[in-house]
Structure formats: C-alpha cells, structure tokens
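Down below are the structures I want you to see.
There are two complexes below, and they share subunit A, which is joined by subunit B in the first and by subunit C in the second.
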Partner chain A sequence: MVTTPEARTRADALAADTTPEARTRADALAANAAASADATPARTAARRGGHPAPSSPPTGRPRRARKIGERDRPLWMLAPGGILMVVVILVPLVLGLVISLMDLDQYTLRQWISAPFIGITNYVEALTKSTLIQSIGISVGYAVLVTLICLPIGVAAALATQNRFRGRGLVRSLFLVPYVLPTFVVGTVWRTMLQPDGVGNAMLKNFGIDGGLWLNGPQSYWALVFVQIWASWPFIYLLVLSGLQSVDSEVHEASALDGAGWWTKLRYVILPYLKGPITLALIISFLHSVNNFTLPFVLFGIPAPADVNVLPVLTYITGFQNFRFGLSAAMAVISLILIAIPLFIYLRAVKLDTGEDGGSRVRK
Partner chain B sequence: MMKKKLALTTALLAAGAITLAGCASGGDAPGDGAGALDGKGKTLNVLTDANTLYPEEQQKWFADVSEKFKAKTGAEVKFETFASANDELTKIQTSVVSGQGPDIYSLGTTFTPTAYATGAFVKVSDDDWKKVGGRDRFTEASLGISGPDKDNEVGIPARSRPFVMAYNTEMLAAAGIDKPADTWDGLLEQAKKLTHDDVYGLSIAYGDNFDPWKFIWAMSTQAGNPIIDGKKVRLDDPVTIKAYETYFGWLTQDKVVNPAAIGWKASQALASFADGKAAFMPMVTATSINTLEASAVAGKYAYAVMPTVPPGETKRPSDGKEAASILSGSNFVVADYSKNKDLSFALIEMLTTAEEQKVYYDTFGEMPTNAKAAEALETDNAQLAPIVEASKLSVGTPFSGAWGDVQLGMTNVVVQAIPSLNAGSVSTDQIISALKTEQDKAQSALDRAK
Partner chain C sequence: MVPVSASNTIAPVRVTPHRASAKEGARQAQIHRLLPKPLLIVILAALLVFSMVPVLYIFFASINSDLAVARGAFWPTELTFENYSKIWTTVDLGTGLVNSVLVAGGVAIVCAGLSVSTAYVLVRYAFRGRLLVLRGLLALQSIPGTLLLLPVFVLFSSAASTLGVQIIGTRWGLFLTYLTFALPFSTWVMVTYLRGLPRELEEAARLDGASPFKILTRISVPLSWPGIVVSGIFAFLLGWNDVLFASVMTRPESRTVAVSLQIFGATQEGGAVPVYGQMMAAALVCAVPVVVLYLIFQRYLVGGLTAGGVK
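And then the complex of A and B:
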C-alpha cells in the first residue's frame, strides 16, 4: 500500500483544484496509486472525497484536505477502551518492568515502593545463576514440538469432517472435548493415568512394554508433550475447519472438472486458502504451550522435576515459593521478550493493518 | 500469562493502596482506647483456611463465633476462607502491600517465619499477651514457632496438628510386636518383619510435595542438626545425608515400601494403609481418623509417636532434640494495619479458652493449643494420648525468612532423585551432590535474610 512519489504528486496537484469533480478524480487517483488492488478503497475514497468539496475553501497546502476528514472523528469515544487498556495492560507492564529492577522480596514487600533499586542485577542473576536458560530451552523445545505435531493432526481432522456424512456433528463435537475440558481437569486425569502403577502403564504392559516413570525423570518431558498435544490439537482443527468453510464450492467444482487428484487439490488448491488460518493457529498454539502453567503444575507439582521445569513454573517458584519477586519479574520480562518474537513475526506475516498502512486504506 | 497475572495483581494492589490511603486518613480507631471494649458497629475480618473435610460445620462454627462475639462486644466477625496455601499467600501479599485486609489471619505454622519477615504483623507485647489470656495459657511446645525469640513473637497458637504414625494393631499382634519402636532403626526392623506378599511394612509418600522434607528434618534434628544454625545452612551435614540414605533405603535396599510409592501423594499412601496393605503409616495427623474409620482397617489401627532416635543410633545424641513432629498447626496473627487490634485480641482470647478449643476439637478434630484443654483431652481419650504427646514433643522448624527456600530445597532433592529411586538405587554421591546444590541456594537465601 505504498504510494509512489510521482502518483502522490499528481494526485496532490489535482487535489488543489477546487471543483468537486477534480477532487473526486484526485482522490480516486491517489487511491488507485496505492499498491492494493482492492477496488473498494478507491470507491470509498471517491465518495468521501466528494462530500465537503463545495464549501471547503481552496488551499495551497494539499495535505490539509485529508485532515479535515480526520478532525471530526469522535476519538474521545475510544476513551473507555483506552483507559481499560492502560489500566489492564500498560500499568501492570510498566510495574512489572520496574519491579524487575528492584530487590523486592519478603523483607521489602511491605514498603515495596522503596525497595532498593538494583538495576539489571536481577537480569544478570536470572541469566547466570538460575536455571532460566535451561527452562527457556525446555519451554521452547516442547512448544515447537507440540505445535508441529498438532498441525497434521488438526488438518487431517478438519479435512475428515469437511464433507457431510451421518454423525458428522457428533464427531465434530467429540473432537472438541479435549479442548473444552479445563486444563486443571486434563492435568488431574492424566496425572492419575500416568502413575507408575496407573492405567497408562497397565495398557502398555498389554503390548509388552514397560512404561516406567512418566511423571519424573527424562520421560516426564514426553509425558508433558503428549498431554499437551492431546489437549491442544483441537484448536488447530477448529481454525483449519473455519478456514475450510471459506473455500467456495466453485473452487471444489473447478478443480474436480480439471481432473485434479485429491493430493493435487489439497496441495495446490485448498492449502493456499488455509495459509492464513494455519499460520495463526501455529503462532497461537506455540504461545499457548510456552505460557502453559497449569498443566505442568498439576501434572508434576512443585518443585518440578528438572526435565519439565518449564519457564512459567520456574517464574512461579521464584516469585511465590522463594519470594524473590524482583528476580521473578525479571524472568517474566525475559519470557515476555521471548514470546514477543514469534508474535512480531506473525504480525508481519499476516500484515495485520496497523498505524500508517491501516490508515491509508480509509484515508481518502 | 504469568507475567501479566503478576503484573496485574501488582497494579491492582497499587490501586487498592491508593484508594486506601485516602480512606485511612478519614477513619478513626475508637477500639484502641482504654476501658471496656465497645465494638458496636465495627466489623472484624478474619482470614482462615477452608475446612474441606467439614465445610458445613465450619459455616456453622463461623456463625456461632460471630454471634458469641457480638453478644460480648457488639462487634461483628466476618470470616473469609482461603482454599490453598497459594490463595493464602496471595491474600497476605495483597494485604501487606496495600495495608488493607483482614484484621486476623490464621497462618500455618511453617509460614509464620515468612509472615514475620514481612514485618506486617503485630509483635505481641506482654500487655497483648494479657489480653489473650496470658502466654502461659498455651502449651509450651505450641509457642515454639511464634517468633524468633520470646520478645519478638507474632503468632498466637490457634490449633495443633502434630504428625504421628498410624499402625495396624492386628498385623503387629500377629507378628508378636507389642508396640511400635521408638528408634528409626527399630522401626525398620519391625517393618522388615511385617513385609510379606503384597503387604509392606511402611507406607511412604515419596511423590508428595510436603511429606519428604518432614522426615529429613525430623531425623536431622534428632541427630543434632537444626538445618539452619544461626547464619549457616547445614543441609550438607553428614547426619542429613544419613537421613536421606535411610529415607531412600527403605524402598531401595530394605524393600519395606511398595515400589509404586515413588508416585504417591500423602493421600495415596494413607489409602494403601487404609486398605490393609501396610503395617505403619508415618507422618499422618489426627484428621486421618475420618479416612481410617471408614476403611478396611477401622477398629484395627492405633496412633503412636514417631521414632525420636535418629537412624544408626540406639540413643539420641546429646545435642539431638526429641523432635517427634514438626510444630504443625496454625497461629493467629494480628495485622499491623488493623484499626481494631484490641478487638482482635479479644476475639483470639475467646477462641483460645479451654471450652472453645474443646468445641473446636469436637467439631473438627484439631488438637487444642490451650494447655488445660490439651490435658483434659489426653486423660479423656486414650486413642488421642499419642497425638497429644506428639503435640508436646513438637519442635518448631527454624525461625527464618529463608525457611521456605530450605524446605523447598529439601523436597527438591527427593523430587530429583525419583528416577534413580525407580531404577532401584540412590547413591550417596548423588545425594551429596544434590545437597551441595541446594546448600548453596539455601545459603544465599539465608544471606539475604534481614
């Protein structure tokens, strides 16, 4: 949606003209110059541009015309949402940042405002003296694994329930059960099943496999991955399903007429439609896994076995068991940065309209 | 999520604090005046743990107390409950930061040192002790974790929940054992004798998040290592290593514990005993009576004080303590910011009289801290005598703001050893190296103590 300089100049020159037709033409030109092939903005812009023309005085500064449109926007109506954003997101974020720079513990909690300011000492301690790096490794590794394994399962399930068949509604609802169950319940049920003498090992024994220890030791990592996959694949399924709904039936018809086999159709016709939903699903699924505190907490308890000492659990122990609130806040900030990276990539990938770009669509 | 949650809480706290600062200046505190207490129109807020065993009885008890106190002083009592230690902690943090919240807290004993470290609770002066009926109203042992020393006490003993050992009387009689041993070595010998087929001598919850450290602490304390010794943490002490070896050895070498116990929480270990699959179940409180009375071992079990002679010894060393249990239960603490301190002390006085503590025991099965009530109970009920005895032999865990770290470290050694425990052996080297790590962490936590 970048407007080329020449086009801009031309459009601006025309906008200086006072007649309504000229203005409309100018607006349309400017809009057309935008990279977007979408015709709607141009039409909208033309309509909007045409309105105030007769009364608006001629002006030597072409950009002013645009500002008139913006001036009357009742921006104050955003205030309730804005205030809420500040109170719910901004203030806590800033407080968290401030706390991460303070030596706040059980001894200084009472006068927390005057707790000693120790700069980045907490960050240094978090990175050098705690198990933060290991925890980040565990968290990211497990989240990536879960997300990658969930993807084919979710897509397959969505494709399987795409076409009408008897009992489709039932199957679709059944697929959602793991996702709808509260994490706490999922954790408790699986903890019971994964006991050394639990149902899980009894079942494995039927196949001649000695299950061993699932809730501690190296296998606990795989237990966590497995349970998290079990609980979170329906999310990908759900998003892919909604993506499939948006594929026009004509597309199916057309590809059928052209004689495309199922794989060709899936790979070259359907999947391109799903790119958006799948990217979104991947990112959210990753974030969800990285941030999941309840599941490891309920499955393994506190203190967590070293193999599943994930980031949220480490942060929790540091803050609420060791009472090192400052250190814990520093860990939380580091994890926030960690989470911000994929989020940033995602926002770039889907080009969610923000600021300049978003404005230019409706601007004229 | 965590970050947001943490930050959000903090923000709300801050907002609360600001609101409060506004209110506080307008308030007055007539309750703190001398003379007879007139609590008319005032409300005392009390935070206490939710009793999951007897939820209805607890509501009724709340109503009764409120009514009685209103008749006495005119003030209303409002009870608020917390469901878990976490809830409690959050509430305390909120209140400490904002300077607003309950007037009285009922705190778990092991949490009292941490609460003390915040400095947000009233230090009970001689005068204050008089207001709650005198310090000597309480059993001496129950005062063991009220403060770092006699002049700096914040906790007023509320109830006692000492840990004891349940044993299967039928099994012991069948094996010709007349009573449980009073040394850990003796107990092990008895357990070996009682282990056969699918019945094990001991029922131990290796997978519990709280039980394991209590064993290690008890054995260490009995052998003369208080774990926190002044400014020094002594987790790497030989007697503590020995304690871990004994604790793990029950499963790996002596094989007197069900191998499945590596995954057990305390309730699962108790269930195994209740099924008649174990002869001894150490580390239970009087609240287990409910489970056991309704189980296969009803009428076939009894309680005993746990051994107080450390492993490897036949006599307790001279610097060892006769620690039958950690000092367990709850303390009342009065918030520093409370505008109704005198009323708070009056309520605590009312709740710690011999009669009220008897009522509380009858309703909830928790042992009194009132010396007279404890004595009466001991003579009245033979089954409870060992529990009262254990209550007297309870020793407070070290009074330090760093105790939480130490406790977590002690538990962590067990948690991380579970895979080896499952494989059949935990080597001494492994214990030593794990303890070294925890020792360093705990020592640095203690160094931070102010």
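And then the complex of A and C:
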C-alpha cells in the first residue's frame, strides 16, 4: 500500500502551489496513488496477522497518502535476521559483561548463573597480574606496523595496475590470491616454510644469512608481522584502486597541460584524491590485524611464544586453556574498549544513507 | 508515468573523443600514465614474486616427498601425486570437508535469503531506528570473535541444560553462529546493491496491487542475483575460514576442515618424520574451493570486498 515516493513528491510539490487547479491536480494524483495502492487491503492485512486493515477513507490528501504509505511497511521481514542477531550477538555481548564480573571456571560453568559475583576483581587482576598489558602492546604495535608497511605496497600496486597493459587482468587476479587464501591455510603453509630447516631458511642461506628460529623466541614477532603483511596488503590495494577510478579524465588532462612530471602529478594531484580511501583502508586494516586470532593461533600454536602472545590469543588461552572464564571475559571487554576508537572513526566515515533511499524521502 | 529520476536525466557533459584514432589513443594513454615505465615494471615484478612464490611453493611442496619438504627444498625433487591419495588416511580430511561444505553451504544459502529481505526493507522503507540498524550492521561486523566466543559457548551449553537441546558439538551450533555473524556484512552488501537498482519496476508492480513480499520475490530478487551470490559467498567464506569457534564448539565427528588442518599442522613437530608434503597437499585441498569461487565470481566479489571492507 505504499504510495510511490515520486507520486508523493509530485503531489506535495503541487500542493504547495496555491492555485485552485493545481490543488485539484494534486488531490487527484494523491488519490490515484492511494487508491491503486489500496487494491489489496484484505490480503495484506491477513499476511500481517492481527493488524486489522484500517478503513481508508478516500480522502486522498497528500498527508493522508503518506500515512497510508507508512502503515504497510513489511517490517516483519526484519524479524528473522533481527532475532538471530539479538540472540547470538547482543545477548552474548551483555552476557560477556556479566561473566567478566563473575568468578567462573570449569567447575562453576555448568551452573554459571550461581557463580560467585566478584565485581571488578577480574579487571584488576587482568590489568595488574596478567600479561594483558604486554599483549596490548604487542597487538597494537604489530597492527600499526603491518598497516603502515602495507600502505606503500598497496598504493604502489594500485598505481602500477591502474593503466592498461597486456596481461593486466591476470596481474590483478594474482595480486589478490594471498588475500583470498583462507587464513588457516596461510598459517599452515608459513608454519611449514618457517621451520628451522624449512624452505625459508634454505633461501636465506643462499644470501648468506642464517635465519635461525622463526616460530619461537624474539624473531617470532617479525615472522607474524611479515606473514600478516603478505596476507593483507591486497586489501589496501583494492581500496586504493577503487579510489583511483574516481579520478576524472580532466584531471589527467589538466596536469598534462601544466607539464607536470609523474612525481609532481602523483604527489599534488592524484594522492589528494586518495585521502578518503586510504584513511578507510588504514582503519579497517588496523582493526583486522588487531582482531586476527586465526593467523597467530595456526602459525605458532598454543601456548604461543611470549613475543606473539597477542590479545585474541591471550583471551583464548585464559578462557579455554586455563579455564579462567571470568578473567578471559574481562580481557575481552578491555580489548573491545581498545578497538572502540578506530571503530568509531570507521562508523563515522562510512556513508550510511544516500538520497535514493526510501527513508530519507519520507523523513522530513 | 513514473518520472525518471534526476540522476538519469542529467548526463555528464563530457566531450568523449569520437572513435579515437590509434594516435589519439596513444596520447590518451600517455596522459593517463601514472608511473614511468621502468618503475612500473620493477613494482610489478617485485610484487608478483613477493605474493606468488609462497603460492607456488604450496603446489611444489604438495607434489614433493615429505622428506624433501622437511629439508627445505623449493623445487620438487621427485614428482609424486602420492600425497594427494595419502592425506585422506593420514588425517580425517574427508569428514572435515563434508562438515565444512554442509555448514558453510547451509549458511551461505540461508544467509543470502535473510540478507536480501532484510536489506530490502532497510533500503525501501522508512521506519524509526532505520539509521540505527544500518549503523549497527557496520558495528557488529567489527566485534572481535574472541569477545563473543565464551558467552556464545555458555549460552549454547545452557540450551542443553534448560531446553534439553544439545547444540555444542553439533553442526547446528556452528551453523547458527556463522549464520548470525555473516548476516551483518551480507546485509550490508545487499543494501549497497539494492540501492543501485532502479525503482521503476517495483513501483509499476505496486501500482498493480502487488504486496511488498510479492514485489520482493518476483521483482527485486530476480534483479539482484549478482548481489545475492556475493553475499552468499561471503557467508560461505566466513564459515569455511573460521577456526576460533570451530576449535571450541566441535567434536571430532563434527570438526570442520579448518580445525582438522590446524590440528594436523600442530601435531607435526615432535613426531618422527613430519609429513609436510602431505600437509601442503591438504592445505591446497582446503584452499581450492575458495580460490575457485573467487575466480568464478571475481568481478562481483571485488566490488563487495570494497563495499564493507571485511574479509
């Protein structure tokens, strides 16, 4: 029964016109829209279950038409997904907060509701007696490092594949392969390659370098950084590439007319266009690295070496290896606070609405 | 009778070169060039080596002997496809594959259906809290899995004691979890897709008295197959790639292939002779469905990747 927004807009526009004949035309239009939309009130009411079909007087004022339009929104279609998200995401989110205030271990897990409530003791323990602070440092440091190194690689790759050349399609596809491979496959493969006698060290030996241990000890940190860069730079490449498409042809013409060299053009003409996509890519890449559990878990196994005991792995070990569920939940909540800032910037950056949407038209 | 929307009528005023000659084409290419040719070649070569050598290694190692791989050989010393027949008995990869296909495939189908109907309402109708829902979709994508793992586990365990439904250890637990976690992103992909669809057909159907549900199933869904396929594939990938939830919520018989491979890998060191050749073969088998899906739907998937920005 929703009247078409266009018809409504036209009716509204005409109604603003005060001449009598314009008024009549407006009423006729709105009535037309309302009447045609009202053709199946009974069937729709039956489907909506319980909500009786409102008697619709054939007034057909524009205001009336809008009201009719708002009555038949099939909001029930939001229910299945909405219920799932509430039960499996929102309820656990709250539950996680509650558990973080409890002394929950493997013995009290079965009757978790009656587990002792200990206030913020878990948080105090997480911050003072556990390796949480170190883990936060490792996680943030590694995520920032990965993101900053991925940036020039991604930008260079995007610039290199923007112009047409023979085989460009193939190159673009190949660039994305590391990103497309499942993370558990990436982890398994690099775990094999980085063994003390593995192919990684064999190759380094060709250059006269003794690789040493990559999956244990201090070098494990650099192994994690390297593998994460290998697997995630194509994402920045993708976003920059789509940003490059938005640079108009005229921009190239103009800079050619000005006789700009390639570096000048890149630095002062092209890069300013890429500010938006690059900012977005940096934020998402950071979030992605900070939240990545699978790669360190598969690459190093459990227990992880101290140098790569990143936040997700620490939370996992505390919960499912040491069975300190309450403490683990407290760590998870702290990690959520940690990512809240970049997440907030991300949410602000993404354009939620476009003028084409139904919502923005009806809302005044 | 439906007025054409403004974006269709205002054509970009741009003088496009009519049937540009080869010379003109070359001039255009020159103007649009971003990097000098030598630099371009260096970048392309370096990045291709960087990203493709490990990928080639997976294949080479998978047709190499376990011993040669353990010694660090890159090129296969002996060509053997034995690894591919041995892995099925060395590790229970078959069960894992079946579980992964069932769970991830089921998630893909149900998620595609749910996301298209949810996105349709979000794009085409106004209601209180609509922007909140859109913002929520984006926020929910970024919640770390480690935060939800424990509460979801507790919730599902309580279902066994209070409702008498055993969820933990079954494929259903994974199905429900992945389905829910895939929904926000898939819905977001569909929201961006449906926004691009013309409204005219829907409005014509509405004038003919079609109900919203009918308009969705008869008009919007047939028009948006590419978007539906993409949101389904992303849901599939989420289920296929997850290790976190599967490592906690499965038993040996309901293990997904991701966990099978992870355990296979974690138990190699300490054994007599690590079977790395077989492990690479298994890794390749796990990667193939994903890479094939990507190659087939590449054009659509790349758009989806940049739309929401989550792997």
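In this text, the second predicted complex is superposed on the first by the 255 of 364 C-alpha atoms of A that agree within 3 Å, B and C clash if a C-alpha of one lies under 4 Å from a C-alpha of the other, contacts with A are read in each partner's own complex, and residues count from 1 in each chain.
By definition in this document, a residue touches a chain if its C-beta (ideal position, glycine included) is under 8 Å from a C-beta of that chain, and two chains touch if they have at least 3 such contacts.
If you're wondering where the values come from, they're calculated on a predicted model, not measured in any experiment.
Novice: Tell me which of subunit B and subunit C touches more residues of subunit A.
Specialist: C
Novice: Could you say whether A:335 touches subunit B, subunit C, both of them, or neither, answering first, second, both or neither?
Specialist: It touches subunit B and subunit C both.
Novice: Between subunit B and subunit C, whom does A:213 touch in the aligned arrangement: first, second, both, or neither?
Specialist: So A:213 only meets subunit B here.
Novice: Determine, under the contact definition given at the top, whether A:321 touches first (subunit B), second (subunit C), both, or neither.
Specialist: first
Novice: Is A:95 in contact with subunit B, with subunit C, with both, or with neither (first, second, both, neither)?
Specialist: Both partners, subunit B and subunit C.
Novice: A:306 in the overlay: touching subunit B, subunit C, both, or neither? Say first, second, both or neither.
Specialist: The answer is first: A:306 touches subunit B but not subunit C.
Novice: With the two complexes superposed on chain A, say which partner A:109 touches: subunit B (first), subunit C (second), both, or neither.
Specialist: both
Novice: After the superposition on A, what does A:193 contact: first (subunit B), second (subunit C), both or neither?
Specialist: After superposing on A, A:193 lies in contact with subunit C but is clear of subunit B.
Novice: Does the superposition put A:347 against subunit B (first), subunit C (second), both, or neither?
Specialist: Only subunit C; A:347 stays clear of subunit B.
Novice: What residues on subunit A does subunit C touch that subunit B touches too?
Specialist: 87-89, 91-93, 95-96, 99, 109-110, 112, 195, 197-198, 291, 293, 301-302, 312, 315-316, 319-320, 328-329, 332-333, 335-336
Novice: What residues on subunit C touch subunit A, complex-wise?
Specialist: Per the stated touch rule, the residues are 2-3, 5, 7, 14, 29-36, 40, 43-44, 47-48, 50-52, 54-55, 57-58, 61, 69-74, 114-115, 117-118, 120-127, 130-131, 133-135, 138-140, 142-152, 154-155, 157-158, 161, 176-177, 179-181, 183-184, 187, 195, 199, 203, 206-209, 211-213, 216, 237, 240-244, 247-248, 258, 261-262, 264-266, 269, 274, 276, 279-280, 283, 286-287, 290-291, 294-295, 298, 302, 305-306, 309-311.
Novice: Provide the residue numbers of subunit A that touch subunit C in the complex, in ascending order.
Specialist: 2, 4-6, 10, 36-37, 39-40, 43-44, 47, 70, 72-75, 77-78, 80-82, 84-85, 87-89, 91-93, 95-96, 99, 109-110, 112, 153, 156-157, 159-164, 171, 173-185, 187-193, 195, 197-203, 230, 234-235, 238-239, 242, 249, 252-253, 256, 262, 265-266, 270, 280-281, 284, 287-288, 290-291, 293-294, 297-298, 301-302, 311-312, 315-316, 319-320, 325, 328-329, 332-333, 335-336, 339, 343, 346-347, 350, 352-354, 356-363
Novice: Give every residue of subunit B touching subunit A within the complex, in rising order.
Specialist: Spelled out, the residues of subunit B in touch with subunit A are 1-4, 6-8, 10-11, 14-15, 86, 89, 93, 96-97, 114, 117-120, 207, 209, 259-260, 262-263, 401, 404-405, 408, 411-412, 415-416, 418-419, 422, 445, 448-450.
Novice: What residues of subunit A sit close enough to touch subunit B in their complex?
Specialist: 87-89, 91-93, 95-96, 99, 105-107, 109-110, 112, 195-198, 212-213, 215-218, 291, 293, 301-306, 312, 315-317, 319-323, 328-329, 332-333, 335-336
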